[in-house]
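Here you go, one structure.
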Amino acid sequence: MRNLSIENLTRRAEILIEAMPYIHKHRDSIAVIKYGGAAMIDADLKRAVIQDIVLMHQVGIQFVLVHGGGKEITDLLGQLGAKTRFVNGQRVTDSQALDAAEMVLSGRLNGEIVAALNTSGARAVGISGKGGTLLRARPLEADEDLGFVGDVERVDPTIVQVLTGNGFIPVVSPLGLGADGQTYNINADTAALRIAVEVKARKLIFLSDIPGILRDRENPESVIGTIHREEIEPLIAEGVIQGGMIPKARAAASALDVCEKVHILDGRRPHSLLLELFTDEGIGTQIVR
Amino acid sequence: MRNLSIENLTRRAEILIEAMPYIHKHRDSIAVIKYGGAAMIDADLKRAVIQDIVLMHQVGIQFVLVHGGGKEITDLLGQLGAKTRFVNGQRVTDSQALDAAEMVLSGRLNGEIVAALNTSGARAVGISGKGGTLLRARPLEADEDLGFVGDVERVDPTIVQVLTGNGFIPVVSPLGLGADGQTYNINADTAALRIAVEVKARKLIFLSDIPGILRDRENPESVIGTIHREEIEPLIAEGVIQGGMIPKARAAASALDVCEKVHILDGRRPHSLLLELFTDEGIGTQIVR
Amino acid sequence: MRNLSIENLTRRAEILIEAMPYIHKHRDSIAVIKYGGAAMIDADLKRAVIQDIVLMHQVGIQFVLVHGGGKEITDLLGQLGAKTRFVNGQRVTDSQALDAAEMVLSGRLNGEIVAALNTSGARAVGISGKGGTLLRARPLEADEDLGFVGDVERVDPTIVQVLTGNGFIPVVSPLGLGADGQTYNINADTAALRIAVEVKARKLIFLSDIPGILRDRENPESVIGTIHREEIEPLIAEGVIQGGMIPKARAAASALDVCEKVHILDGRRPHSLLLELFTDEGIGTQIVR
Amino acid sequence: MRNLSIENLTRRAEILIEAMPYIHKHRDSIAVIKYGGAAMIDADLKRAVIQDIVLMHQVGIQFVLVHGGGKEITDLLGQLGAKTRFVNGQRVTDSQALDAAEMVLSGRLNGEIVAALNTSGARAVGISGKGGTLLRARPLEADEDLGFVGDVERVDPTIVQVLTGNGFIPVVSPLGLGADGQTYNINADTAALRIAVEVKARKLIFLSDIPGILRDRENPESVIGTIHREEIEPLIAEGVIQGGMIPKARAAASALDVCEKVHILDGRRPHSLLLELFTDEGIGTQIVR
Amino acid sequence: MRNLSIENLTRRAEILIEAMPYIHKHRDSIAVIKYGGAAMIDADLKRAVIQDIVLMHQVGIQFVLVHGGGKEITDLLGQLGAKTRFVNGQRVTDSQALDAAEMVLSGRLNGEIVAALNTSGARAVGISGKGGTLLRARPLEADEDLGFVGDVERVDPTIVQVLTGNGFIPVVSPLGLGADGQTYNINADTAALRIAVEVKARKLIFLSDIPGILRDRENPESVIGTIHREEIEPLIAEGVIQGGMIPKARAAASALDVCEKVHILDGRRPHSLLLELFTDEGIGTQIVR
Amino acid sequence: MRNLSIENLTRRAEILIEAMPYIHKHRDSIAVIKYGGAAMIDADLKRAVIQDIVLMHQVGIQFVLVHGGGKEITDLLGQLGAKTRFVNGQRVTDSQALDAAEMVLSGRLNGEIVAALNTSGARAVGISGKGGTLLRARPLEADEDLGFVGDVERVDPTIVQVLTGNGFIPVVSPLGLGADGQTYNINADTAALRIAVEVKARKLIFLSDIPGILRDRENPESVIGTIHREEIEPLIAEGVIQGGMIPKARAAASALDVCEKVHILDGRRPHSLLLELFTDEGIGTQIVR
């Protein structure tokens, strides 16, 4: 060390000079991350995400993680000899499936993420959406009875604010509590979005296994870098945004009343979180006002 | 109403007059409850315990609940086709058993207690002992390898203090985090005791299915109301305190350096918590300095 | 002890469970008590009232006591060889009578109540309505010259708020200060009512020697438990409310703009204060919005 | 106006320049005044004292007034047909005399001072030494039974600190409360001294009808301006300090552990308080460390 | 000492009694002083001004000093061999002149005032109007190019408030910072006035070498004591206010939206500041609403 | 944008990941910079230094700048026709030279730095060491009379703490105030060092025109990266540290009682400040405990 070339030092200085205004700008702001996909499974990617979050938290960004875990629930149900039935992509959730979901989500997966963060130097706390009645739930309206699949009726952000305000990173499993005391399983994207709005997050980030919104679905290089809110409906009409992305894009648009930006980041690229937040380079698709 | 007899009114007044100094005294103090046994299973008893906690919390006592769940873990392992082996009363905990324990404790049981408290008007938050690294664990020393059975190396009470200080009731599942990121299953009595000491609880209460410490094991009426700390070793020598009660009694004695009283309450008697805290009548055994 | 029957314990628990929501609800609220009659004279009743106030103050209710003392003033004037003349129930107050009133009210009676409260563990402070110019007075308008009988022109609640906010119980003698520096004797009911409104008391309680407002004046069992504000004028029209109770009832009605309830309690029943505030049973008459 | 001579303006400037460091120095400090003698009776002197206190309070000095009233008590007892007996200068105080003392002190005189201060723009509050148990009393030890003449057992300065800290001037009548609830009449000099020490007053001022401590008792011009603490015993030995002044001087000496200065001011000279506190000119005798 | 005559003592008391309400009234208010003329040059006058400010600051008035220094700038430029050209009373300020101005104002004169204040016991801090961008400047509009003569575009009072709020006396040299980083020399009267408005000063005081506004310019005894805001335009029309006094008087009028009074004091009279603020006697002219 | 190569993105991420712990570590710590040499003169270097400071201040480091200006003082004296005489490297400072020093330092140079910082988005405030009596001075002891060359007698860091604590960057010119009111010119290195110790700076940085401490004075590549405190005397003995560097090195060693590190940075390398503080690469020499 102490022997880098002048060019190299200059390059370093430039990158830091570029990053510092972002660090300043994002300090004390909240980023809600919907955490899932490869970044939650692949060991190297997971390590990179955890490292990014811990470091960015240290320089002052407050994070809230909301995770899903559909595949792992199906696995446990399989081990218990139960079959899983899906209706329009929603798991039909009877009492046994609900138990399995709560055990996998609030028990195993939540515990894994908290362990990884805390072992890397953060102070994370796993909670369920039932804690502090963060997520007040009601049965999701659907054509067919989906059992204990819930929708978010109301968010009480107090517990999340108390935790972030005291230096903790809340890691939230997407379960909700009905007025009658019944537990409901809630879609993690929905939970993340509703929480982001209520805690007035500056950013809502979906970390998943897609490169972003593609102009040409066949071409992964055709990621649309920035979409303005009012372009969403036209893109749906054109068929560029389609399928399961439609409700997510519409929800993102509505979140922009409160959040500054919604990001769809490729969790398969290492450090995509860090680069998105602290450099001029955008990764994936950002939806802006 | 408005037509009770004078005697009845006088009786009411007396009970309230007896209770108020306790309400005053315990306000803003912390009670750590090891919650288990019938009071966690029987619907009526459970309702009474939850009601007591919610009401006493409202008049100013701060509670921390630590729960176990050994039987339910064994059940889940059975459903998954795994056998449970015990060595000296400790479950030998391999990777599958640990997963099952975390799912049952942090997932199902913790979620049930939180749902019941919050539905009754409290603001409870379920956390695992890994959250905020509340419980730093290391492998429990034993003659035989017990796997991922942990001992408490260190307690960081911050997360519990933040929650109680903001009006929440923490409900803690007894898992701990090793320095290497490994999760450990911890005995709930131990966890409750160590937490009680670190949060400077005024009271540590074991709510279980025994009437208290009995002078004559055959006679459930022979509960010893009060035991002074220095009587414990003699009682062990006499054989009055024996078996699994020995380490618990010794631990209670050491907790008295910080806590004012340790109670062994009969969870099978409705409202034993309330009556113990707010009346002159003692229920079960209290261990005092 | 430690040997009550199950029924007895259950009964205790029920009474406490009934009381706790009231304790919670009234915490940090203010109750202004007009203190007079038998409860201020009879030793046993006095002891019960004092005990109730001290205990309820300990669990968080803030009290302000306003007392009268007409009879004792007349007695002192008698000893000093002066005759007391009344016009429409108002004492004609010349300079000597005013001196006697101030000496009896701010000196003897106030000092007695403060001594009783402080000896029972409270921190009471006796003040006159002149202190901090709590009661700004002007001559009471009347057909005939009443001398130094005053009406409340304005209330400055600061001194009362400073005292209650620092854990003291103000005990107020009903004297007021004119803009010109003249002292006036003020009706204690009026003083209590005006103070209750200005300190935003939740409850204003008249503790006196009547069982409440009676539907049939001849029948002390005919107490009307609850009167809604808009029923007062009809009850006056019917002749149920009559005489000196008319202005008191109208004043109570107007206080309800700020206070939640006005109570007319029978000070001759022991612990009527405690039972009124902390149980479902009402004692006497409550006037509500 | 706007036409004073240069000399006159310069003189004014000099006086103000002399006063300002005192104003600065005494701000937020406490002066306890034992108020009595002509300054409490003569209308002009009284007006001057009240004006001084109100103005000095406005520029930041906190005052506590303690008043006596022996003569007025004797008068009232006379009117009531009772004889007053004195033993060694102490009134033998039976129950009737105690009542009379409390009525005169806490009722009439205290009320008069409060009225005068508040009418001049201050915010004074009259309290008895029983209020907030400011003065915990016990029977004064004496050769003969003096009845309810009390000595100060303990001072709880909280009520005085709360009042001064909130901008009020406490005016204290010298009554105390025994542990058993009995009221005692206390010497006002003693009360002032004990309170001054407990509230950490910077100055303790006795405002009375003597010009100060005289070197030659026959010559009122022979006031000793300054006495150092260690000169007191020699002055007693010399006979310069004698009679009732001996205990007062010794008490003053002991107060100097806490107070900076003790003053014996001539209340018959107008504005002696103001001139003592805010100019280089001393009035009367000051006792210093 | 201790031997002044009664008349003398009474006179002292009267002056103090007159002063105290002013001391009380002005405490914690801000006075902005434009400091210049003889009071900044003559050693005795300077000493008197500094003493007044230090003492008045001690009893609670917050001061902000703004000074000029035109003559000294011209002197330095002369020493450096540069000629100064004035257009309509404004110095044409090229780069060299600007350098000289900043050196004289922020360097020498500012340092002198700070040294004098701090040596007299105050805690003064010299800042330039560029510090904390207190004065955002732009080129002054004029018929002819005046170079770096600036006008105040905007005031950011934060630095002044932070200093006064922490017990410091800011001494401000009248330089401003342009948006482009250029320094500008600003008229000290203008700077004082704009700062007075933004810090919500109660008083704005011009300390200069004129006795006030004269009714008859030839007669220095004809000072107009008080001018009401609405009299200014008539006085201009009458020719009483003329020349350089016109913009100053108009600016004073506009400052009265925020400030209570604007004073034109004769800095050649010793202690004019003290006498103006703390006595009923006015010195010079006051302009009021 | 949005099209950097993976390698490039990874490189960026690595640099940021390296920097973030430093950003976290230095937040809210104070760095005192002695600012001088090329970095204060060369336009490009100056711009880079200012940019570094502004950005690092934004992410939470508090800065105090202390600047010199010997050459510019000599220039001004030359223009004024005065000769400068040096004794042992110290300017003999008569009254004219002192005036020139104060004008150049507190006037021109200080104003230039403040303007540059504030135009770049910081909130800097220029003060002299006389402000708030930051630097209490006395004549420097020397063999020959040096005139108004001062040494630091005492530092009162309050003004610097108030400014940094309120988000300002103090820029300090090295003048001091004698107890007698005399101004003294102080060596800027000494001033920086004494201030660093009193404000408990974590870092003291000398930004000058040398690459660091060289092992071989002839070889600018021979910079010693790290020197431990106890190596300084041996290095002096070896002749590696010599001349004017000896007192500076010894002073640095003594500062390490409080400061964590003292840096000698090459101000001729762009962004040396930023790279030193936020990367693993060291620039110049660091002296550590």
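A, B, C, D, E and F are the chain letters, set down in written order, and residue numbers restart from 1 in every chain.
The definition used in the following text is that contacts are C-beta pairs under 8 Å (C-beta built on N, C-alpha and C of every residue); 3 or more make two chains touch, one makes a residue touch a chain.
Note that the structure is a prediction, hence the values are computed from the model and not measured.
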Contact-graph distance - origin chain A, target chain F: 1
From chain D, the most remote chain by mean C-alpha position: A
Approximate Å spacing (C-alpha centroids) for the pair chain B, chain D: 60
Inter-centroid spacing, chain F versus chain E (mean Cα positions, whole Å): 35
CA centroid of chain A to CA centroid of chain D, Å: 72
For chain B, residues that touch 2 or more chains besides their own: none
Complex contact set, residues of chain A against chain F: 1-2, 4, 6, 9-10, 12-13, 15-17, 19-21, 23-24, 27, 51-52, 55-56, 58-60, 223, 225, 269-271, 274-275, 278-283
List of chain C residues in touch with chain D within their complex: 76, 79-80, 99, 102-108, 110-111, 114-116, 118-119, 123-128, 130-133, 158-159, 162-163, 166, 168, 175, 177, 179-183
